[in-house]
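Presented sequentially are two complexes of subunit A, the first with subunit B as partner and the second with subunit C.
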Partner chain A sequence: MTADVAMHMSDGLLNTTTSLLFAAVAVIGIAVAAARARDDLDDRTAPMAGLVAAFVFATQMLNFPVLPGVSGHLLGGALAAILVGPWVGALCVSIVLVVQALVFADGGVTALGANVTNMAIIGTAVGFAVATVLKRFTRTKPGLAAVAFTAAFVNTVVASLGFVLEFALGGDPAFGLGGVTATIVGVHCLIGIGEGVITALTVVAIAAVRPDLVHLLRGARRPLDVREESPA
Partner chain B sequence: MSTKTRRNTGFLLGFLLVALVLAGAVSYFADSNPDGLDHATLAGCQVVEDGHGGETLQGTCIAQNAKDHHLAGSPLADYVVNGGEGTTGLAGVIGVAVTVVVAGGLFWLLRRRPTK
Partner chain C sequence: MSGGHAHPLHRPGNTPVHRLAPQVKIVAAVLAVLCVVSTPRERYWAFGVYLLLLAAVWSIARIPPGWVATRALIEAPFVVLAFVMPFVAGGPTVDVLGMALSEHGLLSGWNILVKGTLGVLVSLTLAATTAPRELIVGLQRLHVPAMVITIATLMLRYLDVIAAEARRMRLARISRGHNPRFLWQVGATARGIGTLFVRSYERGERVHLAMVSRGWSGKMPDSGRSAGAVAWLTGLAPTATAAVVLGMALWP
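What follows is the complex of A and B.
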């Protein structure tokens, strides 16, 4: 077993039944997302969505330090949901996880369902829900940054709870759930800060040049006033 | 090409360039310590060099249940090309290219087309 470059759950941490259960959850989630994604995809947004997936792939490679000897990386659910909507966003993160598992041997093949459930489905859904609730604060640049940060922070912490749920159902019972939960949630609170910063920077940068390509800002009552030079 | 289309293409190329630079160059500065999930599964173990260039886990931890990846022998395993040291950037660029082709292709097929 190697711990160096792997970023996602390996095979063997969950029993077969639990792995299959979450593979089913992932397949159903992806199917629903694919059916609903059509409405958000057109000639303009489809290439953007492809690039959002590529950007999430690239950013997931960039582990940042959170504690001595511990790193974290972007999960990307809130980022994708804010930029391209929850359905397309869930597909973006799923595609990244499939490419990582099948091409880069990162994240076990039998653990893929659990990894997709945590990062692509739970992370994206929670990130989008938080961003939607806070949408009225997105009219100013600092407001948009704060909303993106908060959505990303919550997405990271709740996605880590997905692992706790899976481990409770099908992990090695020799290990107490309390210790695992405390460690993983604690570390993901720190990782969530990094995820929040990266998400806020990215969303604000894109909104500054192309607010029309930020899904969360669609249908706003007035155009987002993020450009410094735009008339009052 | 209309101005609007040119502007759109310019933005998308810029976005792609940022992803390529992050995966191809900034990735060399990534922290190689275990990530949050690995840290939690490694709790209780010490990672010890086995003297053959590999590592073993001493103690008792969840990570000892982890199995080697089914595709551990794949040419891009662990974000390097054919196991070569210093090839992370190239592996990252390939990953961005594969992702943009797979995701972009899938989304292009799924998209709504204007009814004529």
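What follows is the complex of A and C.
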């Protein structure tokens, strides 16, 4: 178990049946996301979606060492879900993964379905669910940072459990499932901390300047408070 | 896109490759990349044949190989991993120039390097012979959903915007007395990542509003030129050859 543990699965890690199964899951997921995203995308959010995709693309290039011989990179699902919502977010991450697989040969083409399922669909959905549940803590700056961190951390770990499921269904039985699970989940707890820090930094900085751009904070705007000047 | 906004990756020309309908070129490029990534990594000769095929397309399109080579450097950050792998991967080792390198790591490094490079070269060939506007029209004619096209094209545009903003912020830090060494500037970049996002967004927003005010509705105007059977056959000929090579490579 070496650099193969990084999140992008390469070709040949899963058997054909499992690859096809998760390709179907990914296609259905993307179709649903595309149908629902239509309402979310307008003049203001279209450039945001493009920028989130470009940002996730750029940060996925940053491979940082987690353990000797294991490198991880950011997944970006929680970041996308918090900034542009789960539907557009899932589309953004999927587009990033497809372009990376085709243009930069990062992640196998046959494993694309499984990669999209883990990172774009499971990751974004879980990140958004966590952030929504914790939404009432987002009123203060440290609270928002904590929510973004938690969402990103849980997103990473659950996405890695998606890989464990796929590996259990169609992986090489030569590796013990218990060992693989422990390695994968352990590594992704560490990646999750890095992911959480970057997500929190980004979300807090954006919320400070342009809270209107953060999908999670929508509808939380306080009404204009007109205070009368006190006599005296 | 007007002349003033020429993309650095586009090389205008009037060759058969340039004139080919964009949808044919997109399909040919995607299928060619699929052939490359499906090739087993131990079939070293197949990758050489793919490179020869690309060179043939370049000569028809009158693109000097040096022009492609300098632009192929954009993949450099991606292949750094390829050079690390022989040192970190486990398993049996081989001696290369007196260093004990992991055999498994060498193969995975080679895999990333050769497939990544060929993938970038194929994409560069497509980008060099097809104007960005035509690429979008081509995707539209292939019935890709408008929303996916919007996000994907904005993403590719914004990669440039982010890189330019990051350069500007680095310059601003240096002119304020920051003295970054190679790795130490990573820390400053990480702390400024949120600012980078907001700055990039504000530039991107201006670009988008400029597009909207000039009539952008999420769709490129399309003159409706459809590709005939001859265009498809000639356009897909190099890819078909690549597919034959793949078939031979997969043969046990």
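Simple rule for what comes next: the second predicted complex is superposed on the first by the 214 of 232 C-alpha atoms of A that agree within 3 Å, B and C clash if a C-alpha of one lies under 4 Å from a C-alpha of the other, contacts with A are read in each partner's own complex, and residues count from 1 in each chain.
Just so it is clear, a contact is a pair of C-beta atoms (placed from the backbone, for glycine too) under 8 Å apart; a residue touches a chain by one contact, two chains touch by 3 or more.
All values reported here derive from a predicted model rather than from experimental measurement.
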{"item": "Fit-or-clash call for subunit B and subunit C when the two complexes are aligned on subunit A", "value": "clash"}
{"item": "Touched partner set for A:41, first subunit B, second subunit C, both or neither", "value": "both"}
{"item": "Which of subunit B and subunit C A:51 touches, first, second, both or neither", "value": "both"}
{"item": "First, second, both or neither for A:134, with subunit B first and subunit C second", "value": "neither"}
{"item": "Contacts of A:20 with subunit B and subunit C, given as first, second, both or neither", "value": "neither"}
{"item": "Partner chain in contact with A:187 - subunit B first, subunit C second, else both or neither", "value": "first"}
{"item": "Which of subunit B and subunit C A:163 touches, first, second, both or neither", "value": "first"}
{"item": "Partner chain(s) touched by A:179 [first = subunit B, second = subunit C, both, neither]", "value": "first"}
{"item": "Dominant toucher of subunit A (residue count), subunit B or subunit C", "value": "B"}
{"item": "Which of subunit B and subunit C A:204 touches, first, second, both or neither", "value": "second"}
{"item": "Partner chain in contact with A:146 - subunit B first, subunit C second, else both or neither", "value": "neither"}
{"item": "Steric overlap of subunit C with subunit B in the superposed model, located at which of 45-53, 99-107, 171-179 or 243-251", "value": "99-107"}
{"item": "Where subunit A meets both subunit C and subunit B, residue numbers", "value": "1-4, 10-11, 34, 37-38, 41, 43-44, 46-51, 53-55, 57-58, 61, 63, 69, 71, 88, 91-92, 95-96, 99, 101-106, 108-109, 206, 209-210, 213"}
{"item": "List of subunit A residues in touch with subunit C within their complex", "value": "1-4, 10-11, 34, 37-38, 41, 43-44, 46-51, 53-55, 57-58, 61, 63, 68-69, 71, 88, 91-92, 95-96, 99, 101-106, 108-110, 198, 201-206, 208-210, 213"}
{"item": "Interfacial residue positions of subunit B with respect to subunit A in the complex", "value": "8, 11-12, 15-16, 18-20, 22-23, 26-27, 29-43, 47, 55, 57, 60-72, 74, 76-80, 88, 91-92, 95-108, 110-112, 114"}
{"item": "Residue numbers on subunit C that touch subunit A, as the complex places them", "value": "30, 33-34, 36-38, 75, 77-78, 80-81, 84-85, 88-90, 102, 104-105, 108, 111-112, 115-116, 118-120, 123, 145, 147-148, 150-159, 161-162, 190-191, 193-195, 197-198, 200-201, 204-205, 207-209, 212, 218"}
{"item": "In the complex, subunit A residues that touch subunit B", "value": "1-13, 34, 37-39, 41-55, 57-59, 61-67, 69-73, 88, 91-92, 95-96, 99-106, 108-109, 160, 163, 167, 171-172, 174-175, 179-180, 183-184, 187-188, 190-191, 206, 209-210, 213"}
